Amino acid sequence: MTTPTRIYRWDLDKTYLQTEFDTFRQLVKTAFQKAHEKKAVPGAAALIRELKAAGNTRLCIVSGSPTQMRTVLTEKLKLDGVEFDELVLKDNLRNLVRGRFKALRGQVGYKLPVLLESRARAPQDAEEVLFGDDAEADAFIYSLYADMIARRVSEPVVYQVLEAAEVYPDDITRIIEQWKTIPQADPVRRIFIMLDRLTPPAYFSKYGPRVVPIFNYFQAALVLLGDRHLSATQVLKVTIELVQTAGYNLLTLSNSFQDLARRGLPLADVAQSLTEALQGPAAMLQMVRPVPDIIAAFSKRVASLGAQPPAPPARDIDYLSLLDDARPRDKKRTRFE
Amino acid sequence: MSRPVTIAFDVMGGDHGPAEVVRGAAQLTLDSDSIHVLLVGDRQQIDEALSQVRHNAEHLAVHHTPDWVAMHEKPTVALDQKPNASVLLAAKLVHDGEADAMVSSGNTGAGVLSCARTFSLMPGVRRAALATVYPTATHRGEKNDPFSLILDVGATVDATADDLVAFAVMGSAYARIISKNKDPSVALLSNGTEAMKGPPRVVEANARLSTLAGVRFIGNIEGVDIPKGTADVVVCDGFVGNVCLKMLEGVSETVIELARYAYKEKLLWRAGIAMLSSGIERIKEVTDWEQYGGAPILGFDKLFIKAHGRSRARAITNAGKVAAKAVSRDLTRVITEGLPKS
Amino acid sequence: MSRPVTIAFDVMGGDHGPAEVVRGAAQLTLDSDSIHVLLVGDRQQIDEALSQVRHNAEHLAVHHTPDWVAMHEKPTVALDQKPNASVLLAAKLVHDGEADAMVSSGNTGAGVLSCARTFSLMPGVRRAALATVYPTATHRGEKNDPFSLILDVGATVDATADDLVAFAVMGSAYARIISKNKDPSVALLSNGTEAMKGPPRVVEANARLSTLAGVRFIGNIEGVDIPKGTADVVVCDGFVGNVCLKMLEGVSETVIELARYAYKEKLLWRAGIAMLSSGIERIKEVTDWEQYGGAPILGFDKLFIKAHGRSRARAITNAGKVAAKAVSRDLTRVITEGLPKS
Amino acid sequence: MTTPTRIYRWDLDKTYLQTEFDTFRQLVKTAFQKAHEKKAVPGAAALIRELKAAGNTRLCIVSGSPTQMRTVLTEKLKLDGVEFDELVLKDNLRNLVRGRFKALRGQVGYKLPVLLESRARAPQDAEEVLFGDDAEADAFIYSLYADMIARRVSEPVVYQVLEAAEVYPDDITRIIEQWKTIPQADPVRRIFIMLDRLTPPAYFSKYGPRVVPIFNYFQAALVLLGDRHLSATQVLKVTIELVQTAGYNLLTLSNSFQDLARRGLPLADVAQSLTEALQGPAAMLQMVRPVPDIIAAFSKRVASLGAQPPAPPARDIDYLSLLDDARPRDKKRTRFE
């Protein structure tokens, strides 16, 4: 194969799993859930399966869940037909008891070294696509990780960021040393942020167009089709799972499609590929009924936007000023704020 | 889960600009799984507003148009000149089945005219009516609702007896569906409670409503009964209704103005007002109806909810909910069945 | 001393009985040397009331009649059956020159009908109008008067454009004389401020008033302008005016009701209300217009002031003063001179 | 002459003179007024002149004013053409300084003995007509005086009344003794109460029909015509004074006429006499213009009352229970009470 290795890094809670642990009650319930009681975010399993289907890929999962949960989580992933290559869990129970990372230190100090260690083991030309959510500092950490490997961020800045995040000094030293062992590369293609808390997508624009907030994995699939990580047929398979298991329909799908278009993601080729896939002979696609409507609906949604403005340009990220944004919010926001 | 309903929002033309309408519609995508919103207006302003506010993009779509009708514009002229004005486009999208009902907080005349040019009148209805709710001293229905419905408040300035009868049927159906009031009382507004009081059209409508099945007609009421809430549905022509409605608004403003004046006047009053604040809040809640929902245009095959020009996000959200409820409970069919068979 | 004026009071038929009217009229004999009162009603009840109250018998006479029209009676029937009903007798006494104007707090329809059967319409006036004052947020005239005048509020249910023009002239003259407002602004009530808004009669009246000398016509106003006090004189047909007037009353009642409700609710509010009492008194004073004077019937050669059915003595006294002022300042002549010459 | 002597007893302040002394300022002004500055109540002088004109009459004036004012008061009465037979003033200045009688004692204790003394000097068959006002206890004292002479009130009641009025014990003894010297008779025909304070006439009904509250001396003249103390021509002379000097007119006169009629005074004969007098040849009567109107107006006013109810019957007066009523009111009542 000429394609380089592709690494898909996934967070578990709220990114892959529908987890609620904002209250102590939810937390306890989550801790004692059996594998078959855990629910994946709609489309996540299908998307991972399709991504893995290309071969020469690695699925690396990093979770803040404690190592004690390895068995049940492994079982859940197996039930969903998801084969992973790495599953890193957190080494102590304290985090579970505390419910979620209360401090930025907890996130940066835990996730960043895990990511760097994993990268150190990866082929140098491996591309990466990262999946996180808006509940924690995923956009920040993933972007920092990507820019550290690409050496777009300087050592003093990384140092300051880690210090400001109250990472312990010897941990800082270890992280910086680890980083230096990793050869310079620019492997991170996309960072998807699942909008579990419905944070407005525009909130993430400061991380540049590499970060794509998504309302569902259909949107991720569309972007990955454009990025040529998936074929149109694979996108349709993800879509079918969403339609069949989560009540998605023409309206929600075309709205999701338009949402990406409004955010400047170039979808013309994507729509074209989908059209072709749908017009193909594959009987399976007949499951998305009524077949001709889906393309008509997407076209209409795009047409109704008028002329498409240019996609947002890439930009340098000012991590120091974003530190505050990255701090975990204390509570789930209420509906009427 | 109810069947999904799409509400088209004319995003432009409200007093507080597109952002307020977008915020209200965005909230609707969080509040309900079965309501979709279609925002019709300037795409850039809509996106700008959406960037500030939580929303569920799966339940939201944008239909871009840069054109819109301002409050001061003459509806006929404006719609002739701007075939893509947001309000007219919203109506067309409803007509085309892209949405099930529409909401606008812009120029009322342009809204009604857009409906007239795009929708069809229901069979048996000769003229449309603009209805609105207002708070009263009486509570009614399952929800212990303090609101009465009044129609017409401006769509049909010279209503005939036939029109008034149709308005009664439409208002009754709307109250039944929206206020969960199983058997709303319906009254004709006149200058006396006796059946023979009022101009000929009112006298004739009284006679016809007295024998019409399906409407609980309680006869004529007088102006004093409007704020009292004597009837759940008040029927009148658009001229009288418009004057009444605007007067209620004016009275509300005047009372608030007087309270503000009193507030400035004296230290002792200020202390008193501070103590009363929670009580005044409650009174204001009942008095300050501008923030509640909107006014439906009844009589067309499609529903249009006219939100007040001064609507804030909450009013827009409520207008959307009302529109969705009317659609999902099949208001149009209920009205058609209730009209007198000729 | 102004020339003496005699006001005939229909003593019967008010909500509070003859005693209240007698008390108000008796007060008038103390307040003014130039006003005489003629009490029309049951002699025994009148004397009984007079025995309780200071009065100047030199300025007071009684015209006995045991008959009267109750609030619930149908005016035509009642007046046909009772030619000596107090209100009709009062009108006849005015017609015969025994008094110069009349005041009644009884059945409005019977009052207007008594005038219609007894008085003559002024030349150039085709229909009479019932006018009334109501408090607004604006103050006007020499007396810094918070009141606007609105007419017709019930005499002419189906006014033509001609009638509306005559009402404008009559209202303007009345405001000039009673409110000491040298150049009162006059507006037509409609469903929009534009000259072309409203039913044909209103549109035509607007056009004619725009060119009529002697009336400061400021165009159309909307319902919201009524409580604001945008115009000193508001002109409309009797149907709309009646509904508006009664609605204002209803709103006032409702606000007071809500305040009373709030009062009961909470100890803290009670303390607050106690502190606010003087402020509330002031608001009430402006809001609770029922105690101010009465409503003139304009268009006849003689003046009739209709006091509210609920009038207390003070309102009756004021109604008498207003009637006397209108007579002594020759309202009828001023109106006649202001009417368009055809 | 076969007619017995007629005694007209008058109070001065507020009954004959328009006196204001409710404030200290008014009091001082009254004390220093010259005779020509003092104003009589309209029609009072004319009425007295006409009453005196019959001959065999006595005019007895009893005033609370101090003896020091005798000169100016005498001069004033002379200016008005009023010839009196007695003018009793109060013996000390204290009453003036105090403004008016503050206590019932001041009134009963002063006026009652003066009246009894005067009566003792009068012919036994002399009839009396008394004039007072509603500012003080005149209706009470005059009625008590009348009923004492008539022996309609018993000694114990008189004693109790005087005691309750706080009259000094030796004064009480003197009053009772004086009373006993007066032969029993029933000479008091009328007690007129000028309604200076516009007390409702019905207030005085407890004193029986002998007491006639009046709004003006035209009303007194009408009643005296009915009582045959005046002729119709004399009434017209009083009327002319009221018309010419005090702005009385057809309206106020006919209203006054009707007021009496409403109170049950029998005026049919009075109206008849007036009609005849007006139709007589006396040119003087032409001054009441327009002549025919006055009778028409009076008739109309009486006709407009419908059937006349019977006149109120004479009644016994319960002086003890009326004592409180008779106490002077402290202030002139305000208009809007």
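In order of appearance the chains are A, B, C and D, and numbering begins at 1 in each one.
FYI, contacts are C-beta pairs under 8 Å (C-beta built on N, C-alpha and C of every residue); 3 or more make two chains touch, one makes a residue touch a chain.
This one's a predicted model, so the numbers in the text were calculated from it and none came from an experiment.
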Compare the CA centroid of chain A with every other chain's and tell me the farthest one. D
Between chain C and chain D, what's the gap in Å when you average each chain's C-alpha atoms? 44
Note: chain C sits from chain A at a C-alpha centroid distance in Å of 76
Report the inter-centroid distance (CA atoms only) between chain A and chain D in whole Å. 111
Looking at which chains touch which, would you call it a line, ring, star, complete or other? line
In the complex, the residues of chain B that touch chain C are 136-137, 154, 157-158, 189-192, 198-200, 202, 222-228, 236, 238-240, 242-251, 253-255, 257-259, 262, 265-266, 268-269, 271-276, 278-280, 282-283, 286-287
Within the complex, chain C is touched by chain D residues 197-203, 205, 215-216, 247-249, 251-252, 254-256, 258-259, 262, 300-301, 304-306, 309, 333, 335-336
In the complex, chain B residues that touch chain A: 1, 4, 6, 27, 30-31, 36, 43-44, 47, 50-65, 98
